[in-house]
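Look at the two complexes coming up: chain A is in both, with chain B in one and chain C in the other.
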Partner chain A sequence: MQVFFQTLIGGLSLGAVYALVAMGFSLVYRTMGLVNFAHGDVVMIGAYVASTFYMSAKLPFALAIVAAIVVTGLIGVIIERVLRPLENKDFDLMLIGTIGFGIVLEAVATLIWGATGRAVPSPVPAAPLDIFGIRVRTYNLVVLAIAALAMVALVLFLQRTKRGAAMQAVAMDYEAATAVGIHVGRSNALSFSIGAGLAALGGGLVGPLLYVNASMGGSLGIKGFAAAILGGFGSIPGAILGGLAIGVLDSFSAGHFQGYSDLVTFLVFTVIIMVRPTGVFGERTVNRA
Partner chain B sequence: MRYRIGLVALLAVVAWGLPYGLNLYAMHVADVALVFAVLAIGLGLAMGVAGQVNLAQVAFFGVGSYAVAILTTHYGYGFWPAALLSLVATVVIGLLVGTPALRVQSHYLGIVTLGLAVAFTNWVTNAALAGGASGISGIPVPPLGGVDLSSDYLYWYVEVVVFAAALAFGLFVVRTPLGRRMRAMRDDSLAAGAVGAEVPMLRMAAFGLASVYGGLAGVLYAGLIRYVSPDTFSMTNMFLLLAMVIIGGRQSLVGCVVGALALSLLREALSDASTYAQLGYGVVVVLAVVFAPTGLAGLPARLRSGWRKRRGEGASAAVLGPFRPFPAAPQASAPVGPGPLLEVQQISKRFRGLWALREVSLSVGAGEIRGIVGPNGSGKTTLFNVISGLYRPSGGTVRLGGAPVGGRRPYQLSHAGLARTFQNLRLFNNLTVRENVLVAADRSRTRGIWRYAVWQVGVVRRDRALRARADAMLDQFGLSAFADALPRSLPYGIQRRVEIARAMVSGPRLLLLDEPAAGLNGEEVRQLGEIVRSIRDSGVTVVIIEHNMGLVMSLCERITVLASGEVIAEGGPAEVAATPRVIEAYLGDSAMSKDVPPVIATEVAQ
Partner chain C sequence: MHTPRHIRGALIGAAVLTTILATACSAPGKSSTSSSGSGKGPIKIAVVDAQSGQLSSLGHWESNGAKLAVDQWNAKGGINGRKIQLDVFDDQGDPTVGTNLARKIASDGYIAMIGTSESAVTQAMAPILQQEQIPNITSGQADSMVKLGSPFLFLNGPTSTTYDETLAKYVVDTKGIKSIAMITNNGGYGKGEHDAFLASLSKRGVTPLTDQVVTTDQKDFSAALTTIRQKNPQLVFIGSEEVEAGLIVKQARDLGITVPFAGSAPQGTPVFAETAGAANVENTIVSSPYLGNDISDASRTFAAAYKAAYGDDAELHGAKAYDGTSIVLTALKTSNVATGKKLADAIRATKYNGLLGSFAFDSTGVGIFATSIGVISNGKLAAAS
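So, the complex of A and B:
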């Protein structure tokens, strides 16, 4: 039982990171119809920048993450700008273009930080907490708390503020949004940088959980993406649920199948997608003939 | 043509002479590059030709290599039997990986295939059978008579033969019915289904082909390096392969080959600065998708059109020929059986809370031209979509020629003799007008593709027959001058006519036309009327949705009026135009004030 709960908490906190990544995917997808395959690498850059500020510049952990958010937000704006000609046009090309960006980001990270990677020390005391006889890493709880805060903030932003509402409007029909006076380009850039910021937050948080290296973007990205699909692409609650589900699935398959956890996770994911392609909260789009 | 043969001969000579001019290291590099070329052809077929985002191609490569390694070192098979079994294994895996394509497409498919590729790498790095992270060494040299294939020089010739055959077969597929259907599916899978292409089978065929090439490349690789390890099949190499195909031009197999060779050699040249190389090809991929989506292969055509524009040569002066009427069907053969040709009974269709159709019934007799009119949003197109199998009705039955066809897929209905056009033109945009018609002319089932493996001559013969048929149809519709043009480059009215020709070439019993006059000028509408009448006279039943009342009134013997998803009137043109409910639906309640109806009724009837 104790092992079960520890695996669960570990899975949930990793899942919270996946959820942040998935929310970034979904936010960008619903506002711009852009599937950003480079998102995982943006997360990786976020993790590196945060760890650099935290470890080398000795900034407080929170400030380091803010710095990372700024950097990745800029990267997000650049990606959006370059691929703008393809928006709402050729889906597959756009997908490949973002893969290209991912390759570039990975190479840049290798050039700056080297190929070996680094371990990031936990910003909170390493001694595990004891809650009702279950030993929990303190940092796991910190991750869960911050991720939950970020999710609530994002949902409030989208539902309660004018800018958030404008982004929702662009998502539904960008021509109609233009007609009522919303600056679509600015709104898109904002959503892209928020998405990238979420990625940096996820990256900053995941640093102390995993080993930070240039190729971590690949697996984080795929799992975040899988989370977004699992919850229903473009749905924010879906992204949260999907992220937690993938995290827990990952954690338990690592416990039961050791090295084969990726294999099991992706096989299960494939089966779920085939049974329910639109995810849990996904909308079935109607083909207009 | 002569130029092409010369080029091929030249390349053959270069391939034959190459080993004489290379040192051992360069020869090895060339060998590896050719393996990647074979792999890239497979990816090009799946992604560029069939439009299936397959990010597991490197895993197929891996399955082929690992199967050879495991079969030879663990189970003591000889190299060639192991190679054969590996190919089979790769195809099986390929089809399994491809099954999600039946349910999901585009980015969903990308992530699923990528995930499965990661799962494969995960397995080989952990499984004892696959040698774990250190891989498997000691794969035997492939025996070939007295030829020593441990020499990279001699192995080159084996590769060249396999590569040439693989490329030739790939090109053969692309240019014959199977490849044409795949390209049609890539451009518009909905329309492809509606003209009789079996979309699920084609998707599986695409993955099957990709895995054959993956397996082939894997076997070649195993025989060349005689050592396999997980690194070779990593995601990094998957993205490199993707870059090869995108930069070379994914829709052209030759482009894929050029991209593969170029990037392989470049990677070798920059092996000391591999990170910069990675940065470089990443940047080139981004630039390519934004500025040259057709890759290197598309450059000549782009340059040519740019050159023409500069010299001020406008579009070709091709003119639309006159439509030549179909031969009229003998009267006796017209009615096929008792009862109507199309019978729609109590059809309902619900989208969540909205009833788009509510218990709609109509029956259309053989040889009739039936008009369906109604205000926008009254459910006309939804009705067509239900009849042609794009939507599953929420209730009710559809009978075609007396046989129930509810729940059948669009391609099955196409084979049962139903053809349709679409409200917003759905032509295959990257296929020429002739190819558009050819796709629909092909009436064969996809299971006939076994011919590709064993009896290619049969494929060529059938293709020739199809071409004759398609050209005859183009000529009939006066479209011969545009046969080699891309649909997008043509005026709207001509595109409309192409779509009708495409529908007619399948030899339908029932033709559904969805607003065929939309966007046409007066003369074109007159020609359309003439075409539709001739189609009916040739024995085809026509159902037409149209807003152009003049056309509907002059063309149709009977008219069905829909409003808010229900049939509100049916009858002859004059009869329908005088029905109060029809006037109400079109003009609103105020039109019902006593003095208006006679005026409107005469107006509409004219």
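So, the complex of A and C:
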């Protein structure tokens, strides 16, 4: 029983990070119909920038993450600006463009921070809580809370604000949106930069949990992408649910299948997707891809 | 009799073509003999190591160690008046990239290879290097590499069996600890550690309380560590590379596992200590052939030169690569810059007194058969009392 709950807690903690990554994927997909394959590497840049401000500039951890969100938000704007001429002309090229950006970001990170990576000390030094023999790291509770807050804020933004609704309109019908006076490019740029900001939030938070290096975006990106698909690609609550589900699934399969855990995780994932191709919260508002 | 002009032209053309074809068809490894083996230019040696990815710190230390050795030889005038040219290639810690690089260094005329620091990559490269007759001295330690039986593969340190036999002897025989849990990864290195330590334990009639296997890119170890905590061991054996081992120890402490960990080379590195957190690695037992820079006069000289060259403190992997490179350079000197099989034989015959101890290679390519036991106390690795 203790193993069960401890595994659950461990899975939820990493799952919260996957959820933040998945939200970025979903947002860009929901508003542009595009899968941003550079997203995992934006997470990595976010982790590096946050850790640099936190460790070298000695900023408080929260401020360091805000700084990272600003920096990666700018990167998001740049990616969108470069890809903009392709919007509604060649979608495949845009996809490949995002892959290219991912490779560039990884190379830039290696140039700036070197290839060796760094360990980030935990900003919450308190000892883990002990609840009936189950140990819960205080820092993980912080991560879970931030992921929940980010989800609520994002859903409110998309449903309650004019800009959010405009982003939705662009995704559903590009020409009609233009006709009613929505600046499509600006809307996409905003979605890209919010997506990148979410990536930085995830990356900054995951730094003290893991080890920051230039290739960390790979596995975080894949797990986050899988989480977005599982929850229903494009759905924000789905991304949260998918992230937590992938985290927990990963944790339990690691416990039961040991060396074969990756295989089992993605087998289960494949079966779920075969049974329910649109994911748990599948709404499929977007059909441009 | 006159041969018509066009026929003569065709004959010459055919002759030229045959020569070109013959050159093009000869094995790339053989052409290196003429380009750098007995030639006049620099002696080309390749360093293949992960310069990016999670294992890049290993590759970074190793290429530093190799460069230091080569720079010192070049400063003394090289070998037979020829400079040594050392080029670094990035294998990303990936066996597929490694096999591509093996072909590349063969066709580019490198006569020896230093690296890699990953057993799995070395293992993937070994058949190609054997075919191309390029001697390779690796920092890997998995016994599976030795089992390949390539006469061109050498180790610059002991194998996992030596590391873990020494460790088991200290833990079980000297300290009398018999309740031991194991956690290893399923990569080339982790698997080697798992098998070697398990063999050493069963030789002593000890069965591990639990034997947990994780994947190489796993991030959450709650399930494995909670199982270990429930078994309440006196010691946890860890068989995983620097970063992952650091994460495991960090999470173990958070989960309330307070007993010491024990492992080999990776657990003596600064990356392991930083990832886990300095306080969490106290009392870790490390089996290593190079416990620190203060062990001997040779190690002090090496550490000073390393610090001067790179501004960093030297550690085991740099020292291993320094030893390995020095052995290759010594063999090149004694064999008058031989290549291929002759160079491999010269390396095997080299007796070398290095930072790790006295190297004397046996037929399997292993040159050193002893490690020492160290314990991390106050953040420093020191010889066990």
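The rule we apply is simple: the second predicted complex is superposed on the first by the 271 of 289 C-alpha atoms of A that agree within 3 Å, B and C clash if a C-alpha of one lies under 4 Å from a C-alpha of the other, contacts with A are read in each partner's own complex, and residues count from 1 in each chain.
One rule holds in what follows: a residue touches a chain if its C-beta (ideal position, glycine included) is under 8 Å from a C-beta of that chain, and two chains touch if they have at least 3 such contacts.
These figures come from a predicted structure and were not determined experimentally.
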{"item": "First, second, both or neither for A:Ser219, with chain B first and chain C second", "value": "both"}
{"item": "When both partners are placed on the shared chain, which of chain B and chain C touches more of chain A", "value": "B"}
{"item": "Contacts of A:Ile9 with chain B and chain C, given as first, second, both or neither", "value": "second"}
{"item": "Which of chain B and chain C A:Thr110 touches, first, second, both or neither", "value": "both"}
{"item": "Partner chain(s) touched by A:Phe157 [first = chain B, second = chain C, both, neither]", "value": "neither"}
{"item": "First (chain B), second (chain C), both or neither touched by A:Tyr211", "value": "second"}
{"item": "Contacts of A:Gly259 with chain B and chain C, given as first, second, both or neither", "value": "both"}
{"item": "Residues on chain A lying within both footprints (that of chain B and that of chain C)", "value": "110, 115, 215, 219, 258-259, 261-262"}
{"item": "Touch list for chain A against partner chain C, complex", "value": "2-3, 6-7, 9-11, 13-14, 110, 115-119, 121-122, 128, 130, 135, 137, 209-211, 213-216, 219, 247, 250-252, 254-256, 258-259, 261-262"}
{"item": "Of chain C, residues touching chain A in the complex", "value": "51-54, 56-57, 59-60, 185-186, 212-215, 217-227, 230, 243, 246-247, 251, 254-256, 271, 274-275, 277"}
{"item": "Touching residues on chain B, where the partner in the complex is chain A", "value": "47, 51, 53, 99-100, 103-104, 106-108, 110-112, 114-116, 118-119, 122-123, 125-126, 190, 235-236, 239, 242-243, 246, 275-276, 278-279, 281-286, 288-290, 293, 351, 381, 384-385, 390, 422-424, 426, 514"}
{"item": "List of chain A residues in touch with chain B within their complex", "value": "35, 37, 82-83, 85-86, 90-97, 99-104, 106-108, 110-111, 115, 215, 218-219, 222, 225-226, 229, 233, 258-263, 265-267, 269-270, 273-274, 277, 286-289"}
